Amino acid sequence: MNLILKLLFLAVSLTPALTLLTWGDGTLAWPLFGGFELLFELGPLSAFFLLLLALGTPLVALPMARGTPDRAAYGLFALLLLGMQMLLLAGDFLGLFIGWEVMTWSSYLLLIRSTRTTLEGAQTYILFNLASAFLLLAGMLVFYSLTGDFRIAPLTEASAAGRWAVFILLGLAFLIKVGALPLHRWIPLGYDQAPDLFSAVLAGLISKMGLYGLLLLPTLFPDALAGLSGRLLNGPAAGYGLAWIGAITAVVATFKAISQQDIKRLLAYSSIAQLGYVVTAIGVGSSLAVGGAIFQTLVHTLVKLLLFITFAGIVLQTGQRRFNDLGHLIDRMPMAFFAVLIGIIGLAGMPPLPGFAAKYLMFVGLIDARWLLLLAAMMLSSTAAFIYCYRLIYGPFLGHANSPEARTATEAPWSYLVPQVVLMGLLVLLGIFPGFAIEVIVDPVLMTLGLTPIGAPSWGELATPYGGYDGVVLMTVFGGAFVIVTALFWLARGQMRRAGSPYDLSFAGEVPTADTPLHYGAGMGRELRRIPLIGWILAHTTAGVQAGLTRQTLAAAGLLGGLYRRDPQTWTLLAVLVLVVASTLLALNGGWF
Amino acid sequence: MEFSASPVWFIALPLLAAFSAPLWTRWHLLDHLLFGVPLVLLILALGLFPTVHEAPLLETIVIAPPLGIHLHLDSASLLLVTLFCFAVTLVAAFLWLGATDSHLRGRRPFVLILLLLVGGNGLVLTGDLFNLYVFLEIAGVSAYVLSALRDDRPALEAGLKYLIIGSVAALFFLLAVVLVYLQTGQLNLAAVAREFAAIPPAMQGLIALLMLIGLGIKSELFPFNFWVPDVYRGSDPAVTALFSGLLVKAFLFVLVHLAVLIWADPAVARVWLMTLGALTLIVAELAALRQDDMRRMLAYSSLGQIGLIMLALGFFSETTTAGAFFHMINHTLVKLLLFLVAALLLRRCLSLRLEDLAGAARVSPLAAGLFVVGALGVLGLPPFGGFMSKLWMLQGFAEAQRIWPIALILFAALIEAGYYFRWIRVLYAPVAPAASADTKTTPEPWAAYAPLLLIAGLMLLLGVAPFLLETSVVEAAHALLDRDLTLQSVLGVAQ
Amino acid sequence: MLEFLDSPSVLHGLHTIGSLTLFAVGLYGLLGKRHLLKVFISLALMELAVYLLFIALATTPGETAPILSDGLTAFVGMADPVPQALTLTAIVIGMAVLALGVSLAIRYHRLSASADIRTLADAKD
Amino acid sequence: MHVLLDSLAMIALCYVMGFLFQGFYRQFNARLQRRWGPSIWQNLYDNMKFLLKSETLIHGPMFFFGPMIIAAGAITTLLFVPFLKDSDWLQGVSTHGNLILIIYLLVVGPLGNALAVGSSGNPFGVMGVTRGLTRLMGLEVPFFLGLALVMLQHETTSVHAIMAAQDGIAHWNLITNPIAFAVILLPFIASQNASPFDVVGAPVEVYAGPRVEFGGRLLGVLMTQNMMMTIAKLVLVVDLFLGGASNVLELIAKAFALFLLTTAISAAFPRLKTEQTVDFFWKVPLGLAVLGVVLNVWLI
């Protein structure tokens, strides 16, 4: 029985792949009311995001299916998949919204299955997401009032005010979903408190739906948003604001990530920052930048799935999730170490992994648009990201084991390892063949958006008008150099001796013991506060604003609730008063009013 | 005798059944009949749809209108009658199948619930102003007693409060009826409508105000709805389900029906009704944020939904009105579901306070799951029917380029989400449920869940296939809004 | 001397003033009195005022009862029967509600030893 | 075959230039401080001595692979930098790369080594790594922005194309785009790990530096890559701002001139703390860069 249930669950997790493979060119219509119908079709843009789903869901489902089956979670996961697929396949806003909402509430119900969720976390998650959904609804209703149709189609006829209204409403809706500042607070809370594996879905897949929405904006406002309000320098003026939102998000979230003490919170903030790049690139709107955005979306999905699944494995094995409580797992969980290593190289956007290709396209796009200040902000964020990437690998894997669980942990079960291996393989392959990704994955999407495809002379090569690089050569040279240097080192005379104890260190002339605090996991990054800009960023948070807003709303609620007295005489008095006042007014005006 | 499908059965049959209750008691048929009578009426109503589709059915009693009294069954009233019969059927099934507390079994509730049905049906069917008053009192009296049925202190408090404020409302309405008669010499709605414009404006205003306040109290609009949380709190959840699902809808319909017929100038009526609707919506939703008792919370939420329906009905556009009718149906389903779940939870956890329900999902997972379904439905989240009706109304506003109601409705929905999800989170809190919860009480029989599951299924069905109801809802909106058509069908002449 | 009282406008005016006074007294009692029975009496007073107003304004002096009998074959100079019928109905309904209210109040008094409307208001959850 | 020979030649040239330049640096500093200083070959001797040590202490496999990664990174980097223009030689694989790639490659090796430092379990080493990353964050922003000005000016990221465009001394980017050069100069010094930004691995603070645990042959590898990396960066700046070089002698001359300039600046200023470094970079060079952006992009 359990086995059948699990198999069924795994089969469900394969549905995105099936949809992607079998859908073809057909459209599916479902009538609603008043002549409206839901229209489902598969365009290249949807196909790209469906591909992400198809990749991600089985890999998360595999470890989820471990242990005693959690029926409710399986059911909700199936609903979540249904919602996301509906959202992607929808050819009109109605279907998009329905899918969006199903996704929202099913993910909420999955979220609160964790024992870690607090009331605040759960409420923040659902209210931000519903605010996003309702903004989307408002935007599509304004769109409807302008065009008389819910089909997703270019909005060219409408007045400037109407188009700005649609742009801002939809833009806000999707920005909340990707967690742009200052609307991001649900992400660290949600990713942190969600069940460990579900965090992978949240960060890897659900957040991408916001990007899907943002990529619809160029569809609605053709000429890459430039149709909205002309151009600024070499890019669309409307996108400039969007780009700065993305850049500021990236910078602030990166510093926030550095200062986190909890692995999942750090990953959450890094997700915000990474998606900030994408937002910036979408704002730039040129084919290079949007290509970079799509590439980054792909890479970020793979990387975040990899990291969250790996850390879910670590939490499973050790029960610890803070940098301070782990350490030196490299010997005990070498597979996890490699997974995280590959993950952070992809996250930091370093060559030779594909994160670099994405960053390269985005940088070149910014130079092409002549938006250099944005480029500086992106650069700041992506170099600062090195610090948290280093924390991610140092805290759990290097240094000294800091808790009994970390000293005795063993490698995660195979259902966690298989996704790790698959994802690592995909990342390395994409790194070697960036041209393949451009040609096969990115270009069709660009063409749907009405942009010139980037193209690639060969699968290994990434080529832009500004120059490019060859992934195969890069990998060969680096690998070759590494092999040769290592071989020379081995072949040369001499012997190596492993230190007798982990405390055999050069330690300021003393001999450290087991009691000496040697793990530098928690404090790392703390000294950054002394830098004025970072100190300022880290000292400020939107939690106060949110708490204040909640307080004010509750106060208003209390005030209005106070109107509801419990005394029948007061009720009567009020009715009589209304009657008297209104009829006096009527009499004075001698008529209806 | 040849059976004729006449609207009078909707009133006569439950009335007969109620008055011959001693007979049924002796034959042990109360449960069956409480379920059977509305079921028969439901089937009858469904069967009448094709007929009414052609032309409204008029059942005149003794003399033809405007002199005689008559029942007027058009698409709008048929839709509501169907809804009421369905609601009563479901509640009856719940009372029958779930091992309900003793005070909800037996003759008294049997009579009262059927009388409530009589009142509701009469309110929407009648074409006569004084009959309206009579049915208002029938519905009122049965509701007062139903509130107090449990016969303990909170229930009696609720019943008394309801009785006092209800009498005041009836008084206001009666005064309005008297004034109308004195001014026009007519009581037939259509005839009154025809001659209302001839009354002096100040008197018109006074009459309209009196009706608005009288019916406003009954249909729970904002400055007159302060009694609602108290009464809902004191009554049994199963009974409250009927108040929220049946009674309020009837009064709302009457209010709008009168407004359309009498208030010749829709622009003025629109301002009044939409303002009241908007106020009701926003005040109730905000006030609900801080409620710690599930019945009170549901009461406020119900108020909010009433405000929403009023807002859409008061716009007097065919699209929003159709949406509002659809929303009435959905809201009735949802509130039945939620109140019946509350009844189950109350029996299980012995309290409906927030802190006592923490972790209740462990004890009764199905009830908690159904609460989630209900919450999603009431919030208007797909794939449940509530979304489609909300969308319908919103689309009506968007069509008319009215943005502020859209913003208001969405804002209110967000606040509503704020408290519903708080309750969901509490139900699923990872703590052991309160000690009182899991002891002694035996789990409910599965049959108790059958009506609830049926409702959930219907909600899903309406959400997935809203076109099933499209014709009837649109026709209902048409019938409600088209004043001339009503006048013509009753009086035989166009206004 | 008092014939002018028989003119319909004066008579109607007097009736109106009278019933409005009655209504006001009832309203005062409803809003100001604390005992449940007094509240119900006030409600009854207000209802009464409405009935009075109805009957009074619907008839004019000199009209006869609307019954066709030996000499009377047409409805001429007769009072409008409708208000009276309606008022009768309304009185019955009002009585029923009043009786129900009083019985509820008595039960409430038995349970809580109080017939004060304020204790209703102070009820806690 | 050609590529292999060419690569070997580049590595060799870098190595030789590296220890000579470093030797000169030590001499130069010593003279400024009125000391005799070591011989100009001293770095070669030191390096050979380290590489030929018989025994090396390691802390786990990652500790061993770190220096290998950083050496591989250094070699990769220098192979992507074209040493000469208009020549088949000393090109490495630079036609397959671009400027942004090189900037990122400069970081790959050090991050690999940071794993080794972490693996050693010495908190002071990790502290050094953090400081290094912090400094990197500070310097990279103005550095990259300055280079972006150049890339914008030539509308390409290819070092070859930028070099080819500077066909006479009047077209050197140093002349045509002096602000960009001024912007990158100080960050460049910091990226060379030279005074006054050398708190990370400063000689007297070795106990808090990334190299604290390394010894023997591993330290030799680290030293080797450091010398090669220094030259690769110098050559890169020569390519970008001084018009590149047509032959080896010109290359050495230009690189030496640049080296002299940076050494002089290094010698003149006292050392800054890490956070001071970052703050300084975000105020002065970045401010200058923003000025450059405004001039280049908005006004012209």
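Every chain is named by a letter (A, B, C and D) in the order it is written, and numbering of its residues begins at 1.
One rule holds for everything that comes next: a contact is a pair of C-beta atoms (placed from the backbone, for glycine too) under 8 Å apart; a residue touches a chain by one contact, two chains touch by 3 or more.
All values derive from a computational prediction rather than experimental measurement.
Undergrad: Per the contact rule at the top, check every chain pair and give me the one with the most C-beta pairs in contact.
TA: The largest set of C-beta contacts joins the chains A-D.
Undergrad: State, to the nearest whole Å, the distance from the C-alpha centre of subunit B to the C-alpha centre of subunit C.
TA: Taking the average C-alpha coordinate of subunit B and of subunit C, the gap between them is 30 Å.
Undergrad: Go ahead and note the Å separation of the Cα centroids belonging to subunit A and subunit B.
TA: 44
Undergrad: Can you work out the whole-Å distance between the CA centroids of subunit A and subunit D?
TA: Here the centre of subunit D sits 35 Å away from the centre of subunit A.
Undergrad: Once you find the CA centre of subunit C and the CA centre of subunit D, what distance in Å lies between them?
TA: 102
Undergrad: Return the residues of subunit D touching two or more other chains; collapse runs of consecutive numbers into ranges.
TA: Touching at least two other chains: none.
Undergrad: List, in ascending order, every residue of subunit B touching at least 2 other chains.
TA: 160-161, 164, 168, 230 - these are the residues of subunit B that touch more than one other chain.
Undergrad: Pull out every residue in subunit A that's touching 2 or more other chains.
TA: 565-566, 568, 570, 572
Undergrad: Can the chain contact pattern be summarised as a line, a ring, a star, a complete graph, or none of these (other)?
TA: Looks like something else, not a line, ring, star or complete graph.
Undergrad: Which of the residues in subunit B come into contact with subunit C in the complex?
TA: The contact residues of subunit B facing subunit C are 130, 133-134, 137, 140-141, 144-145, 148, 151-154, 156-157, 159-161, 163-164, 167-168, 170-171, 174-175, 178, 181-182, 185, 187, 230, 233-234, 292-293, 296, 353.
Undergrad: Enumerate the contact residues on subunit C facing subunit B in the complex.
TA: That would be residues 30, 36, 39, 43, 46-47, 50, 53-54, 57-58, 80, 82-83, 86, 89-90, 93, 96-97, 100-101, 104-105, 107-108, 111-112, 117, 120, 123, 125 of subunit C.
Undergrad: Mind pulling up the subunit C residues that touch subunit A in the complex?
TA: 27, 30-32, 117-118, 120-123
Undergrad: Report the residues of subunit A in contact with subunit B in the complex, numbered from low to high.
TA: 31-34, 36, 94, 97-98, 101-102, 104-105, 108-109, 112-113, 115, 117, 119, 122-123, 126-127, 130-131, 134, 137-138, 141-142, 144-145, 148, 553-554, 556-558, 560-561, 563-566, 568, 570-572, 574-575, 578-579, 582-583, 586-587, 590-593
Undergrad: Help me check something: in the complex, which residues belonging to subunit A touch subunit C?
TA: It comes out as residues 565-570, 572-573, 576.
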